[in-house]
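My questions all concern the structure below.
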Amino acid sequence: MSHQLLVAVLILSPLIGFLLNGVRFKHTNYIAAGAIATTAVFISFICSVLLFLDLVNAPENQRTIAVGFYEWFSVDKFSINAGFVVDQISSIMILIITGVGSLIHLFSIGYMHHDKGVTKYFAYLNLFVFNMLLLVLGDSLLTMFVGWEGVGLCSYLLIGFWFNDAAKAAAGMKAFITNRIGDAAFIIGMFILFFTFGTLNIHELNALAPTTMEASWLGAVTLGTLMLFIGATGKSAQIPLYVWLPDAMAGPTPVSALIHAATMVTAGVYMIVRLNPLFVMAPNTMMVIAVIGAATAVMAATIGLTQYDIKKVLAYSTVSQLGYMFLAVGVGAFGAGMFHLMTHAFFKALMFLGSGSVIHGMHEEQDIRKMGGLKKYMPITHITFVMGWLAIIGTPPFSGFFSKDEILWQAYSSPRGHVLLWVAGAIGAGLTAFYMTRLMALTFWGTSRVDKHVHPHESGSLMTIPLIVLAVLSVIGGWIGIPHVIGESLGHIPNYWEHWLSPLIAKMPEVAAAGEHAAHSAVEEWLLMGASVSIAGISVLTACLMYLKNTDAPKKVSDAFGPVYKAVYNKYFVDEFYFASLINPLIKGSRNLWYYVDVNVIDKATYKTTDLVRGGGSFVRSLQNGNMQQYALYVIAGAAITLSLVLMR
Amino acid sequence: MNTANFGLEDILLTSPMIVLFLFSLVPLTIKILRGNVEQVHLATVIEVLIGLLVTATLIVVFGSEGQGGSPTAFGGQLIFDGLTTWSSLIAVVITGASVVLMYENPSTRGPQFSELMFLTMSSLLGALILIASINLIGVFIGLELMSLSLYLMIAMSHEQKISKEAAIKYFVLGSMASAVFLYGVSFIYGTTGSISTVDLMETAQPLIQGHSNLFIFGFALVIIGFCFKVSIAPFHAWTPDVYQGSPTPVTAFMATAVKTASFAAFLRILASKGIGGSDNLLNLLQWLAVITMTVGNVAALVQNNLKRTLAYSSVAHSGYVLMGVIAVGISEGSAYPAASVIYYLMAYSLMTLGAFAVLSLIERNENHFVQTDELAGLAKSHPMLALCFSVFLFSLAGLPPVMGFFGKLYLFSAAINEGLLWMALWGIINSVLSVYFYLRPIVVMYMKEGSCTSSKENYGTTFVVVVLAVLIIVLGVVSGPIFNMVERSLG
Amino acid sequence: MLLSLLIFLPIVLALAVTAWPQKTTLRYLALAGSIIEFAVSLVVLLQFDKTSPALQLVEKHMWVERFGISYFLGIDGISMMLVMLTTFLTPVIILASWKSIDERIKGFHASLFVLQTAMLGSFLAMDAILFYTFWELSLIPMYFMVGIWGGARRIYATVKFFIYTMSGSVLMLLAIIFMMRLTPEVTGGSISASILDFYKLQIPFIAGDFFTPQTLLFFAFALAFAIKVPMFPLHTWLPDAHVEAPTPGSVILAGVMLKMGTYGFIRWVIPLFPEAAEHFSWLFIGAGVVGIIYGALVAMIQPDVKKLIAYSSVSHMGYIIIGLFTMNSYGLNGGLYQMLNHGISTGALFLLIGMIYERTHSREIAKYGGLASALPFFTIAFIIVTMSSIAVPMTNGFIGEFLILLGSYQYSPWVAVFSVTGVVLGAAYMLWMVKRVFFGPKGEIVLAAEKDSHHALYDLSPREVLVLVPLVVLIFWMGLFPNQFMNYSKTSVDYLIQNKNQYMLLGAGER
Amino acid sequence: MPDISILTTITPNHYLVLSACLFMIGVAGVLLRRNLIVLFMSIELMLNAVNLSFVTFSHSFGKVDGQVMVFFVMTIAAAEAAVGLALAVSIFKRFKEVNIRFFEHLKG
């Protein structure tokens, strides 16, 4: 098959699925809807695999498949094609999207079977996959932006899927608008790059990237990339625009798995990796990214410590993990960022689906205080969840270990890294281990606090199969990117991942200058690895102690930290702060604006003018008082004035 | 005033007036022969209309083609140039339509119809003399003949109270204005030794440039006299009262035929060469024009009596026309601004007459004064009538593509041509003001619920209304040729 | 002859519907007529050579010879798509008014057709007076439409609309007369009102002195168009007019009439007074930016759906103004494209609001809620149109807005930075409205409708689907294949920009 | 000794001044008197002032045309008076009132 056709099928298959389900959205036959949707994504997956294999088989320097369909629009020098490119980076992404996507679709059939809007649900899900594919395959920033906004739209629709609940509809709206703030910056970023380089084509941009670093904060590349990064903070839920993601848990749980864990939220990372030659030349931007990433990682993790909603915990975990990815790309470890993106997609999708399975089994109960001891009711869910847990806390040799460790190492060792970034990362890792263990302990282990009316049960095989597949991936997914130090000691296992991506990853000028082997030794790497693993281990133990053995402890701790705990529990009051400082004043201000400007100034000015004219009219009328002698007086007076004026020289 | 040496040519030239005079006697004569018994009104109207038709034909036949100088009659007392032809034609046609209105309006039909017809025709005769005269005393005679007939026409209304008041007001103020005018004439005579406007053209320039105060005094008084007749503020105060008090057909006649004739004569006086030299006078007139427009429009804005609104609108339009007249004065009588004035007068007459005709249809009896709010529902009961009324009002407001728009276009463009940009600006601003009150009847007719009706039997008036509406649209769309004809005959 | 046919066919139709004896079949006649009109415009489209910036299908006959006023029609890339928009929307409107207008239907259709003539005439007239004639003529039917078939405060609204628009345009008339007076310099003696002669005038511009001809003429023209657009702060007539207008009136007002203003800028202001336009572009762009933000903010807090959309129009028109006054290819092309987009998406929004108003007789946002579960198809249509309105990619709105922003960035990055806030605010007010109307628990109206079987909420009828489908199709068509539409205008716009300072519109076959 | 020729020799200017005085008296009458008949008389006075002025000028020019004009004016003044009195009579017949303050219904 020609690549063009393959790409077309890849992209259009979910769209067709969307249309097929969309036109019959009122049907409630979940099997038919699910079959159509899953097949559509699965066809895409097959195409992705075929394309990937083609890439693998191609010579190393020709691993790019670019296809163009038509010129989308062109004005003057600005011309955008509906063109797509499959290369080392995007091929990984499409595999994740369609692969994990297929699994989640499959899971959804079971999860959503009782929902009346199931057909609509699958239509949206397909539409999302379509847009996500556009995002990752687009050969220019603008085509990427199409998908970028498209996934935002789908996210909006899916978060607000149960729109009869005002809070859920509001969550969707919040997601879209917050994203829009980022998108606005993204647009500006595109403009800056376009007027600097004259193109928005990603490959051309990368090729045109300057060869020296830009030191100024106001340089075009720095500003442009900074703007794009603000766009990314919106989509990938980083400080300060992360607020929408926890609320986004209002959507059906598989949606959270697909959109808000595995794919869409990583788009920001993906975008930065795509444009890494540009970002590399803007060290200031990189610094901002790294700092924001690290801060997000820690902050979200602290909030995760206190949450009781199973999905909220996972949501903050996602925010935190995304922070890691940004930390990685911020220090120039683009490969590591992508790597963590992939492993995170596996284990976070797994955990979300697992939580979905729990919620499903618990009859829509999400509060972990009302769970506990579920492992005996839901063995498969439990086992798979444990795999995910092990992966996320970075237990060797689970996938999360490799990717997270690579990030922490790079945060320390990269020329753009800093020991404080490592410290932040390590703290984050410890917190992650703690709250994930807490989640496990409260949900699956310990004594049951399940309500008497609720009878937890294991989910059907439609739901457990995806869990199992993802669990396997969570375990082995990291093995393709084993770090050199470990690889060496295990007998020359190459780092396939790094090798695969390396043609597209720009070298940092500092690195290029310093030569291949930096000043950091393998011992350091081993030490740090040990440190982070032990931090995680200690956290796990503490958490086990607190939530399994000494169940009073959490209460004591939270009491001890009273106000701090309260602040953390309430997510640092960020939402409240945004409302109080921005949204409410905006609405109130708009009301005043309307009242003062439209009503009281512009319209009033109009009325005053009319009043003036009417006043003139009334004055003339009052002169016209019916007395003819007065009229005669006007004539005479007029004549007198006329004459005197005329005769005056 | 050379030897009184006149022949057939003079008779032919003045034949419209002579014929009109003879015809004006017909209804009265018949009535007397019948022993003071009124004959069928329709017969009277038909006689009058035939008379007017003949007059109009004669005007066209013996009127000037514009080329090769303008013939004068009776030793230079009357001139028959393009201005005379066109203004007379407008006056005659308008009178014809007004007569139809009078035939059907409750306040004018009745036992004294023949007398009314006679007066109407004498008034028209006065108007024709006024238009054609190039002698100030001739102008005065025309003016008085026109006005005296009008006083009586007003007073003859079947409405007994306010028409008398209107007549007495008009009479007193009009006579006073005549006296003022005449006083001015005496000074012109005293300084130039002549009262012929032809002589005036020759002699005015040195006098004005020499700042001959007496002459300017006299001339200004003459202008004031005219200003009174064409209701220029602040000499306009009689207009709303008299227009309101008169029977509607008479108002229509007054507001159109009489005003056209007065303006024609005014134009003739002001077109005198050398007026352009008097900056003071022209500046003053500009101010008067602006004040007139504004006063007319703002006063109309706060009116609810439809007839009074139209009266004020008529005042405002006088201001516009005066702007054109000033342009004529500045250009020292060139044909283009004069043609635009004539075209505007034509447009103004047709649309104002149309509006009054609609008003006349709506009046139930002689004591009925139509308020604007009473029009509610007219669009439902009489869609055609409402549509025609809308055409008149839109035209009055100056919306394209009807006559009112082109009239304003030509007028403003003439004014701008003579450097009167600021006046054009005022005119434009005023026309926006005027839109408001011209729209009001439309709002009421179309957008409010009500039960306004008109009497169905008034076929003649209805016919007039429809014809006028069509004319306004057609003469608007094909205004080019008309304007060319007017300008050619003036040049 | 084709353009004359295009312009005067609606007048003939207006007369035909007035004379039509049967009330029941009148709508069919009107619909058929408007579709024929659309077909005629398609013929024009086929005959149009999009590779040439010249004036095409020119017709020129002397009208008023003394003043050089001619019956001069022509079409070029700038007007082509606007003509199509006009002829396309009319059948849609007739179909949409099938049920909602049930009194004086003769008058309604006649007004609609006269309005169509006037709008097409304004887009096609190449003679200043002819243009002005059509321009003013368009006020009259609109005036009646709002005044007769409008809501409770219709008279206030329609008079406000009329006076506002009229006050702007009379100054334009004065400017036209003034320019006509200057034309003998370029025509060799005879006065002329042809736009081609106006272009040749090239009145010199003196910077720094306000009371110079070009500056004054520029403002005289610009004021007329700015009121029509409407540009902040001259916009207050628009919300009133929109709220009170009947649905078809709102659609045509938002869809086409506002475009007459922006079209005026492209056709008259920019080429006639390029230096002044450039010199004062900051003023208009500033007003545009303020308009975007102000319109969006004020839209956000409106309690009435229609008023919200009306203010959103103010915001959207702000974009177009910015696009035009950047005077670069991106901005102008985008502005022109956005005119079409706004016509379609805002038109569609008004249609949708009209449909819901027919069912519930309320437009108060607070009374709605939960409509989505009662009217799913309707909701889908509404959300699609909303997406177009807030410029989500792959809908038409995105292309226009993006190009305008691109152009504004080229003009000045700060303009882009400020106007891009409109992207966020636009999403905010639209989605908030959608949330309050369609989502959430069932509101007062839905609950009332469920109890009362007489006023049951019913989903889109086949007729309404027929109304909406073309619009939705266009939304995506224009979003996915914008080049197919933009190619018609690009040549003309680029030609205009390249020759801005000595713009001469060439008349193909000019006589 | 002061020049008293201005008092002893009557020049055209004296007539003109007299005429102006008469005219102004007429005007004042129109402006101030309430009785309709008196008003008519005032107007007649104004017209006669005009006549005086015409005659004066005519005399000083040594031409007769000015005096001819006077005849016209007199004729028309007579006609005017006739019309005016007719109006007055008809009004009196109906309202029994010739005070002009009675006629203030038309206003505004």
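As written, the chain order gives the labels A, B, C and D, with residue 1 at the start of each chain.
Basically, contacts are C-beta pairs under 8 Å (C-beta built on N, C-alpha and C of every residue); 3 or more make two chains touch, one makes a residue touch a chain.
In this text, all values refer to a predicted model and were calculated from it rather than measured experimentally.
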item	value
A-C or A-D, whichever has more C-beta pairs in contact	A-C
Length of the line joining the C-alpha centres of chain A and chain C, rounded to whole Å	38
Whole-Å gap separating chain A and chain D, where each centre is the average of the chain's CA atoms	99
Rounded Å distance, chain C centre to chain D centre (Cα mean)	67
Chain centre separation in whole Å, for chain B relative to chain A (CA means)	80
Multi-chain contact sites of chain D, meaning residues that touch two or more partners	27, 30, 100, 103-108
Contacts with two or more other chains, residues of chain B listed in rising order	168-169, 172, 176, 180, 240-241, 303
Chain A residues counted as touching two or more neighbouring chains	621, 624, 626, 628, 632
Which chain pairs touch, all of them	A-B, A-C, A-D, B-C, B-D
Touching residues on chain B, where the partner in the complex is chain A	168-169, 172-173, 176-177, 180, 211, 213, 216-217, 220-221, 224, 228, 233-235, 237-238, 240-241, 278, 280-281, 284, 288, 294-295, 298-303, 433
Complex contact set, residues of chain C against chain A	160, 233, 235-236, 239, 294, 297-298, 300-302, 328-330, 333-334, 369-370, 372-373, 376, 380, 387, 392-394, 398-399, 402-403, 405-406, 409-410, 413, 416-417, 420-421, 423-424, 427-428, 431-432, 434-435, 438-442, 480-483, 486, 490, 494
In the complex with chain C, residue positions of chain A that touch it	25-26, 70-76, 78, 142, 145-146, 149-150, 153, 156, 160, 163-166, 169-170, 172-173, 176-177, 180-181, 183-184, 187-188, 191-192, 194-195, 586-587, 589-591, 593-594, 597-598, 601-603, 606
Complex contacts: residues of chain A adjacent to chain D	621, 624-629, 632-633, 636
Interfacial residue positions of chain B with respect to chain C in the complex	383, 394, 399-401, 405-406, 409-410, 412-413, 416-417, 421, 424-425, 428-429, 431-432, 435-436, 439, 442-443, 446-448, 479-480, 483-484, 487
